[in-house]
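The chains carry the letters A, B, C and D, assigned in the order they are written, with residues numbered from 1 in each.
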Amino acid sequence: MVEFLSLKDAVTKYLKSGDSAAFEGFTHLIPHAAAHEVIRQGIDELTVIRMTPDLIYDQLIGMGLVKKMIFSYAGNPGVGLLRRVRDAVENGWPRSITLEEHSHAALANAYEAGAAGLPCAVFRGYLGTDLQRVNPNIKSITCPFTGEELAAVPSVLPDVAFIHALKADRKGNVLIEGILGVQKEAVMAAKSSIVTVEEIVDDLDTHMNATILPHWAVSAICEVPGGAHPSYTQGYYRRDNKTYIDWDTIAVDRGKFQAWMEEHVLKQDPGVFADRIKGLEVTQ
Amino acid sequence: MVEFLSLKDAVTKYLKSGDSAAFEGFTHLIPHAAAHEVIRQGIDELTVIRMTPDLIYDQLIGMGLVKKMIFSYAGNPGVGLLRRVRDAVENGWPRSITLEEHSHAALANAYEAGAAGLPCAVFRGYLGTDLQRVNPNIKSITCPFTGEELAAVPSVLPDVAFIHALKADRKGNVLIEGILGVQKEAVMAAKSSIVTVEEIVDDLDTHMNATILPHWAVSAICEVPGGAHPSYTQGYYRRDNKTYIDWDTIAVDRGKFQAWMEEHVLKQDPGVFADRIKGLEVTQ
Amino acid sequence: MSDLDFTPDEMMAIAASRALTNTDVCFVGIGPPSAACNIARLTHAPDITLIYESGTIGTAPDVLPLSIGDGELCDTALTTVSVPEMFRYWLQGGKITVGFLGAAQIDRFANINTTVVGDYEHPTVRLPGGGGAPEIASSSQEIYITMKQSKRGFVEKIDFFTSFGHGEGGDHRARMGIASKGPTLLITDLAIWKPDPVTKELTVVSLHPRTTKERVQQTVSWAVRFSDDLQETPAPTEEELSVLRALKARTAAAQAGNKVETA
Amino acid sequence: MSDLDFTPDEMMAIAASRALTNTDVCFVGIGPPSAACNIARLTHAPDITLIYESGTIGTAPDVLPLSIGDGELCDTALTTVSVPEMFRYWLQGGKITVGFLGAAQIDRFANINTTVVGDYEHPTVRLPGGGGAPEIASSSQEIYITMKQSKRGFVEKIDFFTSFGHGEGGDHRARMGIASKGPTLLITDLAIWKPDPVTKELTVVSLHPRTTKERVQQTVSWAVRFSDDLQETPAPTEEELSVLRALKARTAAAQAGNKVETA
């Protein structure tokens, strides 16, 4: 049954050192505020899961909180490589991490299978690729009707799923609109889920087939306006592409990175996100 | 690439004797007009597929056009049994038919797998039931990670899918709203698809995540106002429950059934459906 | 006992409704389960989540639907999802606390048949089939069943296992690899039954008012076990009865006046 | 040859755009493929369907997205579906006529690496990884590739098979059980390449204006095959160039003016 909590209390209550956590968001609705709160609380030894690790996983990994990353595309979209991830993988700084690498199709199916309560996902994939050579969690299964060999990967079943959504109503029903990604699946597959939202409203006021997570399918809701920045929230504010582009010059250098984290994350609280979206607002 | 056709021409063009056909609709949006057109054209030796065969399969079977039915619940919802289906199964009248019986979970997954281009669906089901004893198309598959035995059924891959939808735009993009059923999956899994719609409009005017079949994913669109009657179309007209209740007294008797079919189907054309919804219209 | 007049059917619906709570997420079968679930919602459990297999989540119909996919269910729902999603994410995903089923035949271990009477290949009566029931029975956290008692329905041996209850009793369910609890409650027009904690045989734990053990036994094909601590089901309250009757009246009016009124 | 001034990058984008038709359903990779697809849409193929892996179907962005999930893609799409649905129904379901990919490394049989340079466990450069590419390469009806030529990118042997092209050539793809055609076209800043019908080795079929065979060979690590019937790529037309430049200008303005303008 859902609770309305501060982001600080929600993270303290649900995420423990050593947990597996999925901070999902497919360009849209990336839960930056939640990741920063985890970094402030220094919760470590995490296994982090995400189709498209970008800045927040660069930051979690650069701060040494991650022991393993399960992923399918680790880049700063349209900009380039993730400098902190590279430094961890290539040089073991600040610690070495284990990678479990998949394709998007595999992880999308693995989230779907997790939401569906299945132990594994079955799909047509990895044909002729080297990924199954380096990832023992890619196996195969034979169709009992046609004999076709299909790919199988374990379901994604995180301890905690973090997502950002547009809004919740006062009962705790959560609305996601626009680019949906795998966030609904992440929440349904996880043992617990923390959802940051732009606002809490009387009425979700949307379409009869809209993507809504019922209140009893979510653990905690935290009102954090701007909580996706520099990602965006459909109908609220636009993606801050410049911040993504600028990240490359910060993350390339260990010292610059550490200073930036100190100033923009460790010394802050979730309230700063509301300021960060000024000038990016969408007029509806 | 979609064409706008009369229902008569669409059925003639796409459905052949001996084909497999799915007329889908989960209480909502049942393609009655399309089924009646098939009956008028006397296209026979059909394998019909549907989760919830109701009046139209009672009619197709009572008219002797069906050799096999793949299904998971064959009833007149809330009213009782399907009299013509019973007569065919119990007495072989007007011909005997083969049944391939599944559960809803199995067929829903089989449509999903068909839409996903897979040869089979994998799910947790049929635990302790007798259905796998009587249906050789229910097999099992073992999860390569946990060893759990899961159920597997062949994907549904119809020659032709028939659905009814709310509206299409002039390019042929089709909108489905309300109770969605498995219609999107049926169309995507089928070789060809015929979609009847209430109207053709300039702009679908709906939500950014609405269920829309793009024009290139559909074979033929036929404008048939009222084409779901006595089923209903969300936002257009209500379900004609009385007709469903009355059907039971018609279908129970072979002679009454034949007379009813002669008068209400064989002698008619798709244009009659617009009249049948008079008094049931929803004011939006 | 209450002075109110009520029928066994009304007692059944009301007793069934009382089993549900505000925090339940209930997968609702059509017919008697649907009536019970909506009475619960309209009386003591206003926040209960009702889910119908047509994909409607959190629905609150003003009249009882004739089918599991009436427009009323979608119009009043929190949201409506596709049928594959309903069966994959919501049912198989373990989100349903109570699956509420009806049945044509039931045995003493709460196994259910809604497929055929007689032999499968040459049936005496071809019933509609399982629909959602086989997986509702295995994937819901627990199962409630409601049906009227009759010798035709309460049989020594069901003709077909549509939904697995407790099999041959004891730990048969666990041995089949089914992790959920299975049937924990049966509400009929005469009594409330629960499986014995060890043997899993259905046992009458409460008789409805004006019912006797003899009457219960007369409508059941096996030798009925009664609890040592047999209770009497509290009679319907005035509120329960008036809510039920108003719901039935609204439903009848809506179905009769089908072609006349406009929504 | 045209008198217009244009860069090799512009020629690459325009040559790539010409390969697309009005009836294509194109799964668009970010970067050069995205530019090519949108130029096609803004010139000769206004009805082309562009699909991005973020779930946007039939999108028509006014500026080029920086990522595969910019809001612009959703705002202008026919509809937007979840990512699991995108990969299951639309890609794996066989609905994509052309998958349009970029690459970090490519070999003579159009196999692609976007995973690592060097050894996988101890890479020289850890690249972003495959993302959608492994299954785009196998499930799309055919594959077009666009990337700039360089010895670092056009290698004798790729370090990692992220996406299978034609393997070791010939019928290797069919022998792997992959039913789709695979790479049928490569458009670079210098030339247009197609696989040989039998050996499947990439062969230069058209040189861009002002390019020589020598220049092509200098940027490729293997001995390049040229078609016996080598063509010259028509230079960009004035319309093509102006559409491309206007698109780039709008894109640059949108990204620079990010925090100032309001939508």
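In this text, a contact is a pair of C-beta atoms (placed from the backbone, for glycine too) under 8 Å apart; a residue touches a chain by one contact, two chains touch by 3 or more.
As the structure is a computational prediction, the values presented were derived from the model and not from experiment.
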* Using direct touches as single steps, what is the fewest number of steps from subunit A over to subunit B? -> 1
* Structure fact -> Ranking B-C and B-D by C-beta pairs in contact puts on top B-C
* Per the centroid of Cα atoms for each chain, what is the distance between subunit A and subunit D, given in Å? -> 28
* With chain centres taken as the means of their Cα atoms, state the distance from subunit A to subunit C in Å. => 40
* Two or more partner chains touched - positions in subunit B -> 112, 116-118, 123-124, 148, 178, 180, 184-185, 208-211, 234
* Could you tell me which residues belong to subunit D and also touch two or more other chains? => 74, 80-81, 88, 92, 139
* **Category of the chain touch graph - line, ring, star, complete, other** => other
* To do: Give the pairs of chains that touch; include all such pairs.
  => A-B, A-C, A-D, B-C, B-D
* To do: Flag every residue of subunit D that touches subunit A in the complex, lowest number first.
  => 30-31, 53-56, 65-71, 73-74, 80-84, 86-88, 91-92, 115, 120-121, 123-135, 138-139, 160-164, 167, 173, 176-178, 254-256, 258-260, 262-263
* Structure fact -> Given the complex, residues on subunit B that touch subunit C span 26-28, 51-52, 71-75, 77-79, 81-82, 85-86, 89-90, 101, 103-105, 108-109, 111-112, 123-131, 134, 148-149, 178-182, 184-185, 211, 232, 234, 238-242, 244-245, 279-283
* Asked: Which of the residues in subunit B come into contact with subunit D in the complex?
  -> 1, 112, 115-118, 171, 173, 184-185, 188, 208-212, 214, 216-217
* subunit B touches which residues of subunit D in the complex? -> 23, 25, 47, 49, 57-58, 74-75, 77-81, 88-89, 92-95, 139
* Structure fact -> In the complex, the residues of subunit B that touch subunit A are 116-120, 122-124, 137, 139-146, 148, 150, 152, 154, 177-178, 180, 206-211, 234
